[in-house]
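Take a look at the structure set out below.
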Amino acid sequence: MGRERDMIKAGIVGGTGYTGVELLRLLVQHPQAQVTAITSRKDAGTPVETMFPSLRGQVSLAFSEPDKARLGDCDVVFFATPNGVAMGEVRALLERGVRIVDLSADFRIQDVALWEHWYRMKHLAPELIEGAIYGLCEINRDRIRDARLVANPGCYPTATQLGFLPLIEAGVVDLDSLIADTKSGVSGAGRKSEQHLMFCEAADNFSAYAVPGHRHWPEIRQGLAQLAGRDVGLVFTPHLVPMLRGIHATLYARLTRDIDLQTLFEERYAGEPFVDILPAGSHPDTRSVRASNICRIAVHRPVDGTTKGSTAVVLSVIDNLVKGASGQAVQNMNIMFGIPESTGLGHLPVVP
Amino acid sequence: MGRERDMIKAGIVGGTGYTGVELLRLLVQHPQAQVTAITSRKDAGTPVETMFPSLRGQVSLAFSEPDKARLGDCDVVFFATPNGVAMGEVRALLERGVRIVDLSADFRIQDVALWEHWYRMKHLAPELIEGAIYGLCEINRDRIRDARLVANPGCYPTATQLGFLPLIEAGVVDLDSLIADTKSGVSGAGRKSEQHLMFCEAADNFSAYAVPGHRHWPEIRQGLAQLAGRDVGLVFTPHLVPMLRGIHATLYARLTRDIDLQTLFEERYAGEPFVDILPAGSHPDTRSVRASNICRIAVHRPVDGTTKGSTAVVLSVIDNLVKGASGQAVQNMNIMFGIPESTGLGHLPVVP
Amino acid sequence: MGRERDMIKAGIVGGTGYTGVELLRLLVQHPQAQVTAITSRKDAGTPVETMFPSLRGQVSLAFSEPDKARLGDCDVVFFATPNGVAMGEVRALLERGVRIVDLSADFRIQDVALWEHWYRMKHLAPELIEGAIYGLCEINRDRIRDARLVANPGCYPTATQLGFLPLIEAGVVDLDSLIADTKSGVSGAGRKSEQHLMFCEAADNFSAYAVPGHRHWPEIRQGLAQLAGRDVGLVFTPHLVPMLRGIHATLYARLTRDIDLQTLFEERYAGEPFVDILPAGSHPDTRSVRASNICRIAVHRPVDGTTKGSTAVVLSVIDNLVKGASGQAVQNMNIMFGIPESTGLGHLPVVP
Amino acid sequence: MGRERDMIKAGIVGGTGYTGVELLRLLVQHPQAQVTAITSRKDAGTPVETMFPSLRGQVSLAFSEPDKARLGDCDVVFFATPNGVAMGEVRALLERGVRIVDLSADFRIQDVALWEHWYRMKHLAPELIEGAIYGLCEINRDRIRDARLVANPGCYPTATQLGFLPLIEAGVVDLDSLIADTKSGVSGAGRKSEQHLMFCEAADNFSAYAVPGHRHWPEIRQGLAQLAGRDVGLVFTPHLVPMLRGIHATLYARLTRDIDLQTLFEERYAGEPFVDILPAGSHPDTRSVRASNICRIAVHRPVDGTTKGSTAVVLSVIDNLVKGASGQAVQNMNIMFGIPESTGLGHLPVVP
């Protein structure tokens, strides 16, 4: 790290989880950024490379106490913390001129009451929410450029919104019956020692979870409603897949008009560096984006035998730790600091 | 094998695949059946226990040439063959009084033209189709009892139909917008050496496949239409999960009436030995039925934010090789031969 | 449970781990035993089937407080507890005439000081150690018959001792340079929420652990020394495999005499119901014993290019939760109560 | 590709396997090389990105017929072919001044008769063997620089030789009783549709294979003998691990002298960019090198209880597709063309 002057000085708060180590992987290899501080209350004093041997020889920092860290001297600070932490700490940093990319959910929902309902806590910085920019780059690129505080989207919301987006923008689907059947690798749940995330519980197994209601539901619905200009009806069903990384969103929308779906999707994402529309008839697999910042999408109109018109089925895959978290966070940083959006994000997928 | 007289003499045609070895596992431990012949053209002469070391000491048979096997002396013959084989061979056996359980798709679709369209071959025994009984025990138990030829259901169709059944029988859902988002372990694809089924292609990966149209779509639609008494609209999307066994069907149906879904499902399956309705709010995982003949189902009505009423989400899991194939085949045999339906099928799930 | 009179009444202490649920799976299906009590301090009051949905409808018991349980009325009590629990509780039960099978390590090592060194605690019942019988059935069958307290062997020790046994009994190997390179599925570490056992740490990964010294080393060495009649030199290296169940021991012993290894092994285990010697040249895989009580062994003499004689390489596989824990515990119970040793242990391996 | 002039023009013969796609991943991101030709007889005409969607937008080439490809115009040609192909094709290329890195085994063994014995075919270019340089960079760096033909080492041989090397160079171990117990992820077997490499055969399973003798045994033994200056006795036991990538070699050597092993290893590899000696007491896991060119090594002297001195246990991990194949091939190319050895090989491991 520190390969040259004029590097973006980046701090990471809460760098001991999977999004933290992924941020480190990306920033260590980023040609225009350097990590100058990384904090963890619980592991203060532990060298980063002791906790993550994969980074041996690459990171000379140790985790530090949050209050001791020189976060105020950073150009940008990433919060890779559990929900509820960033909202208590960003104000002081913003006042010192530090820009923030929050990977947690603290600033994703504009409606404070709704946020408090789903996250079951009092919001500590409601006055900052309105100014927070939702960091889905493909939608909010222009507003991210000058943002002081970016709310980095959730993993499911990224894959789901990018998949529905062209259909909703084009106004060709019934907005009351959207269905997102989504599947996530286990790292999406974070690096917590919880029973259901143990190898012997999750391996060779598959199930849905949180079917009655998941915190990403209001986030996705907010995003889709903004695209649609009205409320949308959405059923959102997450599942846990016995794999490390990857999200696969299978999206269903009832078509209200006949339209060439393939062309619609290709044209909408023509200039996007990180959205790849596959040829008609394709089925993207999650490994085709593993360890990369790419979202690959295929769109289908399957046989359904109904007389009421037909259904668009969109398949959208991302790596939950990259485009679904740390990669998109770096993408946001690049936009915020006026450097080419793809800088440091060109890593090719690792297959097999 | 052969622990007593008056055992049901069972033959297996094509016993080298995963449904074959699973049939052997079940029949070897069945107290009232014995395997007296097992055929495989390709592996004729190979002792069963050489191919499947897990059966060492349990099966003294070798695979034999189909024509040499004493299949005609069996009471029942199971076809665990690729599609297109059974239809050419069952007639001769039926004429000798042998009863048939066909685990392939040859006799599952009543409409010959539809079958020929989806399976891309000419049907060789169309005159036998009408008399073939679709072996979904929970629906057709009475007709299976006297059947000469049972068409054992597919794995996806079993999990999907059992999940939709109470909703359709009760007439409480919109029949034009059913969605079955289904996920299968890799053994569902059989024991073929195909590229996409290799460990290095399927492990740590997830994707949909056959989204434009899958052969189980007409089978499921036929079953649901019979329940409904009319055509149904159905989108069916299968996915491949990096696990050995298990099917998870996530089913969506728009409710047309308010009803207590939990009670509806519990009452419908109250007497069924192999269908287990979980308590409200549950999420069945596939391992909870691993290596057993049980189908576990949970029913939800999640938040959706729509003003058009709500959606029932049914989660239905089976072991694709047991209730989705060989276990249900044995269940059919039990019914056909008038012995208790659960005989030899009491194996508890293997967890973890 | 409780299908007839004169059933063996079995209690389980600490039934919430993987050996606990496996004991339940085996005992529920055992024709001559019934579980009459199951305890867990932490989960007292929770129905067994709530914790283990795979057992729904099979077990009507709830976990109870240890002191409230009617353990004293049992014929046999299994301890499926962490090390250090059984030694404090068995005396009272033994005094009431209850026989004990301890699946923990409390009574496996005859040398108290050695035990205390490796397990880092004071032994609470040293006077019971001498009378405890080491429950490796293939060696101690005669002494198990009348045992009051059986120390059920560890998983690695079972696979390793059964593999070395014929070589050591025959006196054909150098006893100073034995090497056991062993590999275990993750369930061998128990149902603990520890970081390194998380799916995202253990999946798609492989490593050795505890190379400087593992608690099973003195246990194996004690067993081999008893067979040899003298101390043995042993290097023992355990590894963690990203799979649920299974132990594979790769054993190296330098031959001091020329001998037909295949015949040696086949003859030694000729009458054993649960040890299967594979044909010469075989490589047993762990799935060939999955969910069964069988140990499969192959013996090789590979090319080595040395001029000092050759090396025997023994491959020994078991299911760590069955022959390596709960299955062997039931086997011990069968021997202790004078019923056929294989009773309730005939489950065939589940493949794939 | 083709980002600047004076790039090394690289061709790939047989680029449809896992080492082929990994070579592409590395070369596409290499700042001083560009792939100008890639051949595959079987898939000629197929665009690379159609076969490997992970490379979409990165590679504009299609696979071509070997004879049509402009291989003769390349600066270097990599053979990622099955054994037996390169030996028939390299002579013509060498004569045109093209330098060769052969990832297959054709030129790894200096003794032609030995090679023909283990590979069961006649060698087609025995006259080229003597001049071929064995491309284990850490040993042969100086000779690789001017090599025309580099025999890129096998995956097991790389991990094993790097682990034994310091012990043998220092002359501190018994050379007659070396043991290499090695474990490989499934991609080590290549991208072949063979039964035992199917997901349903390899997943949740573990076994040894080729215990009587494996082709990497003579290769390793040749390398160790060159280090030792005499023949060595070696037992080599490979195992298949249910993971995608990674090799873990567990190496045993009987110490003949007392020595500080940690210092020995650290000093030997002090300047090596791709060999990392872990702190004393460590256990490297394969994921800590996943998708990177690093070999991580730990050395132990465990308890063994013998009176004959003690045993060194070395744990050595690599990614079989990178340091064990394509990464080392690029490392060889860098050395051959006089550019910094680490160029294009700085990718950090992907964890989790």
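A, B, C and D label the chains in the order they appear, each numbered from 1.
Definition applied: contacts are C-beta pairs under 8 Å (C-beta built on N, C-alpha and C of every residue); 3 or more make two chains touch, one makes a residue touch a chain.
For clarity, every value in this text was computed on a predicted model and none was experimentally measured.
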| field | Shortest chain-hopping distance from chain A out to chain C | value | 1
| field | Between the pairs A-B and B-C, the one where more C-beta pairs touch | value | A-B
| query | Which chain has its C-alpha centroid at the greatest distance from the C-alpha centroid of chain D? | reply | B
| Which integer distance in Å separates the CA centroid of chain B from that of chain D? | 45
| Approximate Å spacing (C-alpha centroids) for the pair chain A, chain B | 39
| What is the distance in Å between the mean C-alpha positions of chain B and chain C? | 36
| request: Provide the list of chain B residues touching at least two other chains, using ranges where the numbers run on. | output: 18, 187, 200-201, 203-204, 242-245, 284-285, 287, 290, 352
| remark: Touching chain C in the complex, chain B uses residues 18, 21, 25, 28-29, 52-58, 187, 203-204, 244-245, 276, 278, 282, 284-285, 287-292, 296, 346-352
| field | Sites on chain A touched by chain C in the complex | value | 18, 186-187, 191, 193-195, 197-204, 242-244
| field | Complex interface listing, chain D residues touching chain C | value | 176-177, 179, 181, 183, 185, 200-201, 203-209, 211-213, 217, 221, 231-237, 239, 241-246, 248, 250, 252, 254, 281, 283-287, 290, 298, 300, 302-308, 311, 313, 315, 317, 352
